[in-house]
Amino acid sequence: MADDHRARSWERRTEKPLLAASLVFFAAYALHVLAPGLPGPLHDLCTALALAAWALFAADYAVRLVHSGSVARFVRGHPLDTLVLLLPLLRPLRLVRLYNAVQQRRHRPRLSLYGRVMAYAGLSALLLGFAASLVVWQHERGAPGATIRSFGDSVWWACSTLTTTGYGDVAPVTPAGRVAAVALMACGVGLLSAVTGAFSSWLIRSFRTEDEKRPPEGA
Amino acid sequence: MADDHRARSWERRTEKPLLAASLVFFAAYALHVLAPGLPGPLHDLCTALALAAWALFAADYAVRLVHSGSVARFVRGHPLDTLVLLLPLLRPLRLVRLYNAVQQRRHRPRLSLYGRVMAYAGLSALLLGFAASLVVWQHERGAPGATIRSFGDSVWWACSTLTTTGYGDVAPVTPAGRVAAVALMACGVGLLSAVTGAFSSWLIRSFRTEDEKRPPEGA
Amino acid sequence: MADDHRARSWERRTEKPLLAASLVFFAAYALHVLAPGLPGPLHDLCTALALAAWALFAADYAVRLVHSGSVARFVRGHPLDTLVLLLPLLRPLRLVRLYNAVQQRRHRPRLSLYGRVMAYAGLSALLLGFAASLVVWQHERGAPGATIRSFGDSVWWACSTLTTTGYGDVAPVTPAGRVAAVALMACGVGLLSAVTGAFSSWLIRSFRTEDEKRPPEGA
Amino acid sequence: MADDHRARSWERRTEKPLLAASLVFFAAYALHVLAPGLPGPLHDLCTALALAAWALFAADYAVRLVHSGSVARFVRGHPLDTLVLLLPLLRPLRLVRLYNAVQQRRHRPRLSLYGRVMAYAGLSALLLGFAASLVVWQHERGAPGATIRSFGDSVWWACSTLTTTGYGDVAPVTPAGRVAAVALMACGVGLLSAVTGAFSSWLIRSFRTEDEKRPPEGA
């Protein structure tokens, strides 16, 4: 109980710094990928920032591991935290959660159930799609026989993948790019199907509600 | 309350003129895209009609903004109206709503819940698909390396996109065409998944009903 | 009421002959498409059989139209019958219905609800896919620039379309072939999404049932 | 009843040996496909192992057929067993079932309903995808005009097929490869849609639960 309380208090205090670090990591990685012609010092700064952010994540993970008392139990009980430590690009996913919590604290009118599912899953899919575009573009750039020849192509490819349209006019050809693509398909497609499922449910429910509140005779 | 009443009365009176204006806009835009060889005066007429229709939409938006009392609240509370002001091609979506209201006033037998979801979402998807075909064809025509070489190709592309089949034998290559394509994927795919979801629910329900009304023994 | 009884009695008596005629039509059309090198007389026989079958459908439609008393009401109330009159290839869809009715009369154990939805929608999708393969192959054969170069290609294309995979390695290029393709996408995709929806529901339900009937302690 | 008891006892005793045999079969087949340059004796060993494993499956099927008393009833009542006898690559699907049963015997905390559906269907889809990659690669290797030129291409193709993305940059061209592809589409797509369906339901439910357990005022 005391441990549990300490863990929660730690999480509350580290929430915002870690989120800032995750955005710094994301921005530094994006700059690294999208602006390969940066002068040396700026490039080194990007790398340093990304490493520093990642060191923060690792330190946070270590502190929580120690707090928990049992290494094996913590690793098994926090699979998402372990994943995010290995793939820090996914960390900003917590941004959506934070926004929701802030709205709640301010007593703002919140979205409906389906609205929140759509917002959360949609934003996560967007973030995953952007991260996958960056990773794929990093590996495909200059690969022989690549069909993805600009970052725009990479974003276009990510959009057609997330909706499972899959035109195939541009597609990754390198092994590393394809591994990132499979990860995007596995996660992103699941998230986006949640969005369309919630949208479909919301549409049916709103039609049903309209039926019920209609005045009984020819109003 | 008075404001609310005035707003509704305004909406009831402007419904039909605005719908007519939206159809004029749609037709003028379609003519502009599909018949580039029109003689100058006719082409100018198209442009004038489209602009006039859009001016009507803007005037309606402004009147309702003033009625509402608070600019910020109106913009936040009517996101769809703001979107439709910026993308007037989507305006005929209200046609479906109007048809439904007319049927109701005439005491016609209405479609079942799933039937209405399918009709509404299906018609909206059709309209979005046609609008996207127009926009994509306008931007792809004559683009170097384009695979969409006729309006028929553009419609074929829109159909394969809406069903998420995505053959990729024809696909937009220009940035503007791809932006329209992503919009179609985001909206249209959601709408069409609502159609298939409602169809699936309707099928399961009609099989269940058949079970219940079957005579008890070997009739 | 008397009309209703007469209509049902007519339907019961014409059910089997019309089904046989629909199979004859299907077979004659398939032979016409798949064996273009048939000697003249056999080819004429095929055409004659298909026309005779279609004449039967038209006669049945006319009789039921007369029975119903009101032309407008009959056409509005039987959209599927009107569609099937215009596209007789879809007629064997009734085969599935007949099989179900026969099983019921013989007091055979019937499939569960989800099983029947999957069987009915799956068989319908199969039939639609085969009919679309025939129509597309008829129009694509010999078209300049066609990627569908054999009936096998056409079947492969139909399979990849029905599952919305849409590789696009082969795809129709003629306007008529594309119209048939859009029809297949619209109907077949809906049917197949009903199959996967029912399968998903059945899987979740069977896992839930397994939970409930498990013995309370470590059996 | 006695027969039923005997059948269950047989199944319990043969469960593990048969599972081991199915893994041996899978491994021998994978080695046969992926290492065509094996020296003769090793290659013969693979073939012998696969045949021996298949003989075990056939013997098990025969014993259960005899136990059941009626051939026709057994074949009709165990369609999956008959399928698995003909396509032994699918046999390891029972691995998932065994893992579940073992967890249950050890009183381990089990996954939630949706978690189990996702785990079971996801693992099955993975296994099907890997088996299809092997079969397709075996038939496409060296085929004229093949776009699948390595086992990696085959796995990439299977991933894009399972998610119904279907880029089409690589796709089977041989009839045998296409038959395997259609089987993967039919089974794998159904399984994966069950995964996304369960994920979507789980997401909506977890958002709903969060609503209910939220403290009443600004905590």
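We call the chains A, B, C and D, going by the order they appear; numbering starts again at 1 in every chain.
What we mean here is this: a residue touches a chain if its C-beta (ideal position, glycine included) is under 8 Å from a C-beta of that chain, and two chains touch if they have at least 3 such contacts.
The model shown is predicted, which means the values in this text are computed figures rather than measured ones.
Asks: Assuming a repeat means more than half of the contact pairs shared by residue number, which candidate in C-D, B-D or A-C repeats A-D?
Replies: That interface is repeated by C-D.
Asks: Averaging over Cα atoms per chain, report the distance between subunit A and subunit B in Å.
Replies: Spacing between the chain centres: roughly 31 Å.
Asks: Between subunit B and subunit D, what's the gap in Å when you average each chain's C-alpha atoms?
Replies: Averaging C-alpha atoms per chain gives centres 43 Å apart.
Asks: What positions in subunit D touch 2 or more of the other chains?
Replies: Residues 164-168, 197, 201 of subunit D each touch two or more of the other chains.
Asks: Draw the chains as dots and join the ones that touch; what shape do you get: line, ring, star, complete or other?
Replies: Drawn as a graph, the chains make a fully connected set, so complete.
Asks: Would you mind writing out the residues of subunit B in touch with subunit C in their complex?
Replies: The touching residues are 152, 156, 159-160, 163-169, 195-197, 199-201, 203-204, 207-208, 211, 214, 218.
Asks: Over in the complex, which subunit B residues touch subunit D? Could you list them?
Replies: Residues 164-168.
Asks: If you look only at subunit A, which of its residues touch subunit D in the complex?
Replies: Within the complex, subunit A contacts subunit D at residues 104-105, 107, 113-114, 116-117, 120-121, 147, 161, 164-168, 171, 173, 175, 178, 181-182, 185-186, 189-190, 193-194, 197-198, 201.
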